[in-house]
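Across the two complexes that follow, chain A remains constant while its partner is chain B and subsequently chain C.
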Partner chain A sequence: MTEITKYLTKPSSYIMWILIVIFGIIGVQYYAGYISASTAAIFMDLMKFIGIALSLAVIMSYTGYVSFGHVVFFGIGGFFTAYELSKYSQQILQGANPYTIFLTGMLIGVGLSVLLAATVGAAVLRLRGAFFAIATIGLDYVILYLEMTYRGGAGGGEIYFNVTRPKFLEETYFVFFIAFVITLIVAYIVKVSKFGYGLAAIREDEDAAEVIGVDTVRYKIYAFMIAAGLAAIWGSVYSWRQFNFTPENFSLGISVDMIVMNVIGGLGTFIGPIIGAFIYYIIYRLTNTYLPQLAYIILGIIVVAVVSFLPEGVAGLIRSKFPNLRKYVE
Partner chain B sequence: MAERDIVILRVEKVTKRFGGLLALSDVTFEVNQGEILGLIGPNGAGKTTLFNVITGVYKPEEGRVIFKNKDITGLRPHKIARMGIARTHQIVKPFGDLTVLENTMIGALYGRRHGHITEEEARDIALEILEFVGLKEKADLPARILNIQEKKRLELARALAEEPELLLLDEVLAGLNPSEVAKMLDLLRKIRSEKNITMIMIEHVMHAVMNLADRIVVLHFGRKIAEGTPEEVASNPEVITAYLGDPEMALKFVKALKKG
Partner chain C sequence: MTHVLELEKLESGYGETQVLFGVNLKARKGQITALLGSNGAGKSTTLWTIMGVVKPWGGKILFNGEDVTELPPHKKVNIGMTLVPEGRRLWPQLTVEEHLVMAASIPRSREKADEILEMVYQLFPRLKERRNQLAGTLSGGEQQMLAIARGLMLNPVLFMLDEPSLGLAPKLVQEIAETISKLRDEWKLTVLLVEQNIHMSMQIADYAYIIENGRIVLEGTVDELKENPMVKKAYLGL
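And now, the complex of A and B:
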């Protein structure tokens, strides 16, 4: 416990605390009615983008394993949340507390995601580089088509449910906020702990890491499990907000979004995926609003530019240009 | 010295094949506590393969590796590292994006004191080791920008930070210019005198091995063809024949002999 307190008071945690305070204040303002629902929605989207980017970061950016299948865990979290909520919809209408059902669904989704990551990870984490990436695409297809056979809800893998509460949106902001705080703290501690050093060693040279004493097999699986659990939490809260689950929540495009955010922000850092998510979201919103036809073309060009001219991402640029800031930018 | 009679590592009849290639064939030798054992032989003799067998990177088809009376054959490398065997690589493997200090701290965190060491303790050990190897002023630089000589020192620092009892050095002098070789030799002597770590060194710089090693084992095509003090090995006809297959090495060998 003292270890954790120590990590959470390091200078590199300041940015995280500032974010938590800002998003918290916005939530309170929203609840009090000073901020419009559409403005609050922007901050909720931002939290989700940062959350999913950080969830992938644990395995991709910290450990060096690029997973195209990360959306699988997001989808599983969302599926079981929607499944539970639709299964007990009658009880909810009769006054049962939807949050207990929501939490049950989330726990099932997170649990199964972590379990899947442990078992699949034991097999695919033996593969390196492109082979690992391709195997994770396979995983995504298997789970996606499996899910689409589900005929329980609306059919075709779709599930709808209804939760009516007087201040549903305001409450949901805080649901997102709690997921946001959990994700930030977990991802941060993983990064700066001894475990994080081991993961960094694996990313830089896995064989050297093993010979130095890092249990590379176990560490990779642990990282994959943590990454999966965090992604499942976001799938779950996303379903809750949408009142539904559709197979699109398993689409490869979401994995690509997560990867792009990590790349833009800078690999190997905690702050990178956060910066990447901000930039990605801003560009996404602007292009979608003003140049919807060109949105993905512009995003694509930016990705090519970053990879070509800024391979260490924005965080890497800050770290190399401003060495004094290094202790704040982990 | 009495403690030198204690056997710290015993390699027993080790055989390693890669497909049809016999990389190591029935190799047996012992290393005593506190000594420096030179491991020499022409290119392709199986020296690095032997290091890979000792550190658990390869599993031998036959034979055993006994470290401090424990059979460590076939254990995973991280387990062997935690028991107190550290190594450097012939082709350096720094964690490029991490700083020199972080590289060395990882050695301390995951080495022999794994699980019983705090980050602060690891940092202190790392700083002390970096001072020892002469890299302290580079501590906060990313490892990838070091030059080759500094990278070799970093390999050594990372291995020393593990606080090993046995250190395997795979050509730490290769690629260094003569003045750098002299500095590195001083460092190796310092490791021996101040840290009392047992070492096995693979080396092609003959005068260095002849100077530093207490005993030498000679490998040739995966077989041990000689073992003994530097003088004994240097006058062994089979060794000279083996090296004559490699004229450049033979020349070095003869030069080293003359110096000795």
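And now, the complex of A and C:
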């Protein structure tokens, strides 16, 4: 416990606390009616982008193993949440508390994701190189097609439910906010703990990590399980907000979003995926609003530019240009 | 005489290529044992196989008399077998202190971490000065010190060094040699030193093996080897 308090008071945690305070204040303002629903929606999207970017960061950016099909956990979390909520929709209409049902669905989704990550990880993370990335893509497709066989009254793989209640959107902001706080704290602690050092060691040189006593296979599997669990949480809250689940939630495009955010922000840091998510979200919003036809072309060009000119991302740039800030930028 | 490490007919390689053909070697307690040979003779492979990063194909590895052939690397580290790999293999994006703290997080040294850190800083005051610097920004000599320091943080019994003199200026090679002697004399470690730099090794080692094409071709105390005509001709250039 004292360890954790120590981690959470390090200078590099300040940015995290500032974010939590800002997003918290916005939630309170929204609840009190000072902020419009559309503005609040932007902040909810931002939390989701940061959340999914950080979930992937644990395995991709901290450990150096790209989980290409990471969206699979986002999908599983979303599916079971939607499934539970639609299954008990009658009870909800008659006054049952939708949050307990939502939480049950989320826990099932998170639990299964973590379990799946452990199983797949144990099989594939023993190998080095691209095997893992490819295996996760395969995993995503397998689960996607399995899911599409589900007929829940709607089309293949689609689930709709209704949990309309007064102040639903305002409450949902806090659902996102709680997920956001959990993700930030978990990802931060993983980064600065000794476990995180071990992951960094694996990323930078796996043989060297092994000879200083890092149980590399176990570390990689744990990292993958944490990454999967966090992604499932976001799939779950996303379903809750959307009132539905569609196979789109397994789209590899979301995986690519996660990867791009990590690359733009800077691999190997905690702050990188957060910065990456901000930048990516702003560009995404602007291009989708003003140049929708060119949105992905522009994003693609930006990614190529970042990889070519800023291989260590924005966080890497800050760390190398401003050594004084290094202790705040972990 | 007790042996900390014994290799019996050790064989290993990469893929289909066999590199070691029945290597027999013993590291005597409290001594520096040198394993010498030219490029590609199998020196580094021997060390990586001892650690288990390269899986042995055959033969036995005994540590303090116990068979550890099949033990995975992280467990070997935890019973006191430590390798300082060739080319330092540091993590450029981590600071000096992060290297040391991380190494000391294994169960074996966790309790004594502060104590060992103090000893390591005494041995390498330069590292203490640079504790918050990224490893990638250190000079070659300092990087080698850090690699050794990281190994010492693991609280080793058997300390294996893979070409610590590689790429260092003669003055720094001398410093490293003195450090290694200190590890034997003051830290009471058993050292297995792998080197191409025969002169440096002969100066500090107690016993030496010469390896060629994956086979030990010669062994003896350093004084014996210095007088051996083959060694004189092929390695010492006399």
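Keep in mind that, in the parts below, the second predicted complex is superposed on the first by the 328 of 330 C-alpha atoms of A that agree within 3 Å, B and C clash if a C-alpha of one lies under 4 Å from a C-alpha of the other, contacts with A are read in each partner's own complex, and residues count from 1 in each chain.
Throughout what follows, contacts are C-beta pairs under 8 Å (C-beta built on N, C-alpha and C of every residue); 3 or more make two chains touch, one makes a residue touch a chain.
Quick caveat: nothing in here was measured; it's all calculated off a predicted structure.
Chemist: After the chain A overlay, clash or fit between chain B and chain C?
Modeler: clash
Chemist: What is the contact status of A:A208 with respect to chain B (first) and chain C (second): first, second, both, or neither?
Modeler: So A:A208 meets both chain B and chain C here.
Chemist: Please indicate which partner A:I297 is in contact with in the superposed arrangement: first for chain B, second for chain C, both, or neither.
Modeler: Touch partners of A:I297: none, neither chain B nor chain C.
Chemist: For A:A37, decide between first (touching chain B), second (touching chain C), both and neither.
Modeler: Neither partner.
Chemist: Could you tell me if A:A305 is touching chain B, chain C, both of them or neither one (first, second, both, neither)?
Modeler: A:A305 sits against neither chain B nor chain C.
Chemist: Can you give me the overlap between the chain B contact set and the chain C contact set on chain A?
Modeler: On chain A, the overlap between the chain B and chain C contacts is residues 194, 197-198, 200-201, 204-205, 207-208, 210-216, 268.
Chemist: Quick one: in the complex, what on chain B touches chain A?
Modeler: 55, 57, 76-78, 81-82, 86-87, 89, 93-98, 102, 105-107, 109-111, 114, 119, 140, 158, 162
Chemist: Help me check something: in the complex, which residues belonging to chain A touch chain B?
Modeler: Against chain B, the touching part of chain A is residues 194, 197-198, 200-201, 203-205, 207-217, 268, 323.
Chemist: Looking at the complex, which residues from chain C come into contact with chain A?
Modeler: 48, 51, 53, 72-74, 77-78, 82-83, 85, 89-94, 98, 101-103, 105-106, 108, 150-151, 154
Chemist: Under the touch definition given earlier, write down the residues of chain A that touch chain C in their complex.
Modeler: Interface residues on the chain A side: 194, 197-198, 200-201, 204-205, 207-208, 210-216, 268.
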